[in-house]
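Just so it is clear, A, B and C label the chains in written order, and each chain counts residues from 1 on its own.
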């Protein structure tokens, strides 16, 4: 099967998607960007191919006549167990690296007690694994780094020994997790899907028994499918660091434009607010960029700004929007400067303004900046597509709706739940079109 | 405005000539005090070089010193010095770089000490900050200051009233002050001789600028252009040296056209012209080479720029006229690029995009220079609308390295070039 | 509340309402009152409003949008390193907020306002926009040049109004503006002598009303304010006497002025709304009123950073500080204001030489946070009082 890959190396996350030759989405993957771009890229790509195979797996089940509900349940359960396999591989790697770390000279004096503590923690983390992947388990981050960190910290926190304390344990962990992240582990579909399926079948009781052998053969078939990566294109702020040839690299502006057009074919204007920058893009009816503007040197009003605010308020970034939505009073905030954000916020709160009102003001100020950039790029035409991490923030979206309405009147505003993949989709489309030569480029 | 002496950029004989001229000039300046030669500090836009030469006064150009210091990585410290003295972070870094240099012993970019001014000749043309700049320098030096107020072309034309005003000031203020400083009488014949030499060099200079209409363009009219403007914008306009420089340069450019060669870059002749662009705004001197590389690596050639018009616009037919010396100096001052209003600037860029068959145009928005920058975003929009060709925008500063973000600028330029390419291939596939 | 207190309150309420009205309702109402009336906008700092008045039109000083205008389109046209006034001016004009102005005048005070004149021409080609080049050479040559420039503008204004401006009408307008200048100057004097009677936050809005009101009406307002404030029951407190320098163009928000006062300062002189006071004293009656206006400007303009003043920098400031017995200077300039900020170190030097304490901060017309300024001005006032007592 001919596949086309797009990778978007962003400042916080790296995204990859796989398209087939008819430009249909086969799969997508995401991981946190890290110091080693090659690994981030490889991980996201592997994830995207795994996701593609899961999609193909579900497709086969449908062809085999499985009911939708059954199909869904099975795919979901298989997905969970597959993640557990992957997690186990990484946990094993983490344990291995940590044991290796112990051999370093600096730990000579504390080796025995440290090892004892570490092994206890690692045992505990192993025990955590099965419940984490049970149906209905509480939601958590998809990234191994996040779950491992919280699992390790929770267990290490209580430790206040003379020789071995929390700080020492965390320093071992921090070094180890960095190494694990930058190792290329075999997390592939083929290596991990059969043990996962076996567990699903074993845990499913009578439900799947009659179909067991059929399911096994479908799984093997999908695992064996030749997903041939014909071409790949990289984009994103870190694109020059991607392991791609020069002609396989595209600016994220072009990719966002084309990606947004793919998701919403009537898109004329795109706003993307990412961690580091804000982009306002105008595209024609083929998704070709006709004009664009980016925020100037200062990152005022970008995603990172919300990060500072969240830190300042001791909240998670995802909590800001919902809190701001509770506001029922307009407060005008003049500065979206990341440098002054903290001071202005403290000032406001000291004066007795409510957190939600201040937050609502901040969200509006942030979207005002975006509106200016949009005006700079040529305004907002119908339809208008909003992408990037901030598109997930409901208060930002509310503010945008109001401002668009006040300034441009009725506009269709598109926000895809998958908008984080916009850039990588655009990149994959370029991969497909480049392969087809100049003729199809404008198609 | 520039010269990049000390850097070797495709050494042709014109380049060698220019280096010599510049080195000689700084050398002359370093000896001026002991030789008792009068020096005038003055600005590039609206400079009165021929008049100064007719009095044997040596021009010292603070803008050139500032940008030369930036190219030699000295500006950061000078700016810091001025800011320590209470100058705001917000204001023009040319001023701060110059003041910082003055406060650090007034050693010029080439390492030789610059003479103190015998007179500050404030040609207040196209930039409000010039006025403040010399008010500040006036505090440093005990010398007369001669002010020439050049009115702005607010309504899009240099009127009779404006010209008369400038001529009257020349006659009644500037010339008497120069006479007082030098003890010499104003010699109009001598002035006219210099102006005649200017006009001859201006013909060759325009031929060089317009050579960029060829495909491929034999010159880069922005990064290369700053070398080409240097003699005629600075201390050499009206001299035989400048005449022979432009003659040589013109011949070299003709040869390149004959050979079908593209412009010279620091890495040799550009192999392929992929984008033809018009650029508005001054260069970023601290990262001049980095920025240039971002262009030539992509095969982008600047075929026309507004910056090469700050020291005078000649491709509209204007020439210094020996038969009307003061009137023509006045017209020259009034006609410098930053003395044009925004509609005129927009018209000019539109004309460049069309006449030079550019794929698009870029604005380098420079923090220091409000005279250029305020309104550039509107110019951008207008030119886009009127030419239908894509505009791009990036930001930097003249001589403050803190304000240059290489990754940011590169990202924008790459995006811009790819956008131009994508649009072009879309057009190709339609036709 | 006594009758006069109530009257004062209502006058101030009206003035403050005019200050906040970014839709320029007063100007619109004036125009609507009679068909064919026209209004001409003036950007900071100075233009002889007499000329517009003599053409039967209303001069309107446009000083940005303050902190009341939310900026979207304005930011689209200006980079982050450009001051705030042109953004809000652009925002208002693109939103139709200035559509009652039939023409605009842009005086030559800096490159930003200068370029704004061209932006206006590009965006509103049907509405005249004139650049007014104030002479920087203060002699007969400058006077001739400016006279000829103003004569052209006089013709253009006459053409806009539909009838040419006659000398005797112009003389009458000059008389009214002379009165306005005298009234303003008298209030400054009251404030200088008895600042508790005439707080700057009040004086400011009363003067600011002159931006939009016909001069006759503003003169009346100034007279009543002088009378009411002069007779008010108000008592002196132990504040520091300070002078505000640097705020001649983009205006600080009213709350900033209040913040300075509440921090323990009497502002006894300032360059706020400088256009009202740029030219000292009366424009004398003469046969050639236009030439006399120019001559008065050339001979009697105050020191200001947008006017060329190469010698004795700050001497006039120091003299003024002594005249109003100022105990300190607040250098209070808008961010990115080239003229004010480039001038400041030279003025600081002069003030330091004279041994007068000073402090400095920057603002934007829409600054919303005053905590830092409150502390800074408060500390400054306290230290002045401590030194004064020592």
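Going forward, a contact is a pair of C-beta atoms (placed from the backbone, for glycine too) under 8 Å apart; a residue touches a chain by one contact, two chains touch by 3 or more.
All of these numbers come straight from a predicted model, not from anything done at the bench.
**Q** Considering only mean CA positions as chain centres, point out the chain farthest from subunit C.
**A** The chain farthest from subunit C, judged by C-alpha centres, is A.
**Q** Which chain pair shares more contacting C-beta pairs: B-C, or A-C?
**A** If we tally the C-beta pairs in contact for B-C and A-C, the bigger total goes to B-C.
**Q** Give, as an integer number of Å, the spacing between the C-alpha centres of subunit B and subunit A.
**A** 48
**Q** So, what's the distance in Å between the C-alpha centres of subunit C and subunit B?
**A** 36
**Q** How many Å are there between the centre of subunit A and the centre of subunit C, using C-alpha atoms for each centre?
**A** Centres of subunit A and subunit C (C-alpha means) sit 54 Å apart.
**Q** Mind pulling the subunit C residues that touch 2 or more other chains?
**A** 76-77, 79
**Q** In subunit A, which residues are in touch with two or more of the other chains?
**A** Subunit A, residues with two or more chain partners: 296-297, 376.
**Q** Indicate the residues of subunit B shared as contacts by at least two other chains.
**A** If we look for residues of subunit B contacting two or more partner chains, we find 377, 395.
**Q** Can you list the subunit B residues touching subunit C in their complex?
**A** Checking each residue of subunit B against subunit C gives 85-88, 90-92, 95, 124, 127-129, 131-136, 138-139, 145, 147, 149, 151-152, 154-156, 161-162, 164-165, 168-169, 172-173, 341-346, 365, 367, 370-371, 373-378, 382, 395.
**Q** Could you list, by residue number, the parts of subunit C that touch subunit B in their complex?
**A** Residue list for subunit C touching subunit B: 76-79, 81-82, 86, 106, 108-112, 114-119, 121-123, 130-133, 135-137, 139, 141-142, 144-145, 148-149, 152, 305-306, 308-311, 313, 335-339, 341-346, 348-349, 362.
**Q** Okay, in this complex, where on subunit B does subunit A touch?
**A** 377, 381, 384, 390-391, 393, 395, 403, 405, 407-408, 411-412, 414-415, 418-419, 422-423, 425-426, 428-430
**Q** So in the complex, which bits of subunit C are touching subunit A?
**A** On the subunit C side, the touching residues are 67, 70-77, 79-80, 364, 366-369, 371-372.
**Q** Help me check something: in the complex, which residues belonging to subunit A touch subunit C?
**A** Residues 296-298, 300, 332-335, 343-344, 347, 350, 368-369, 371-376, 403, 407.
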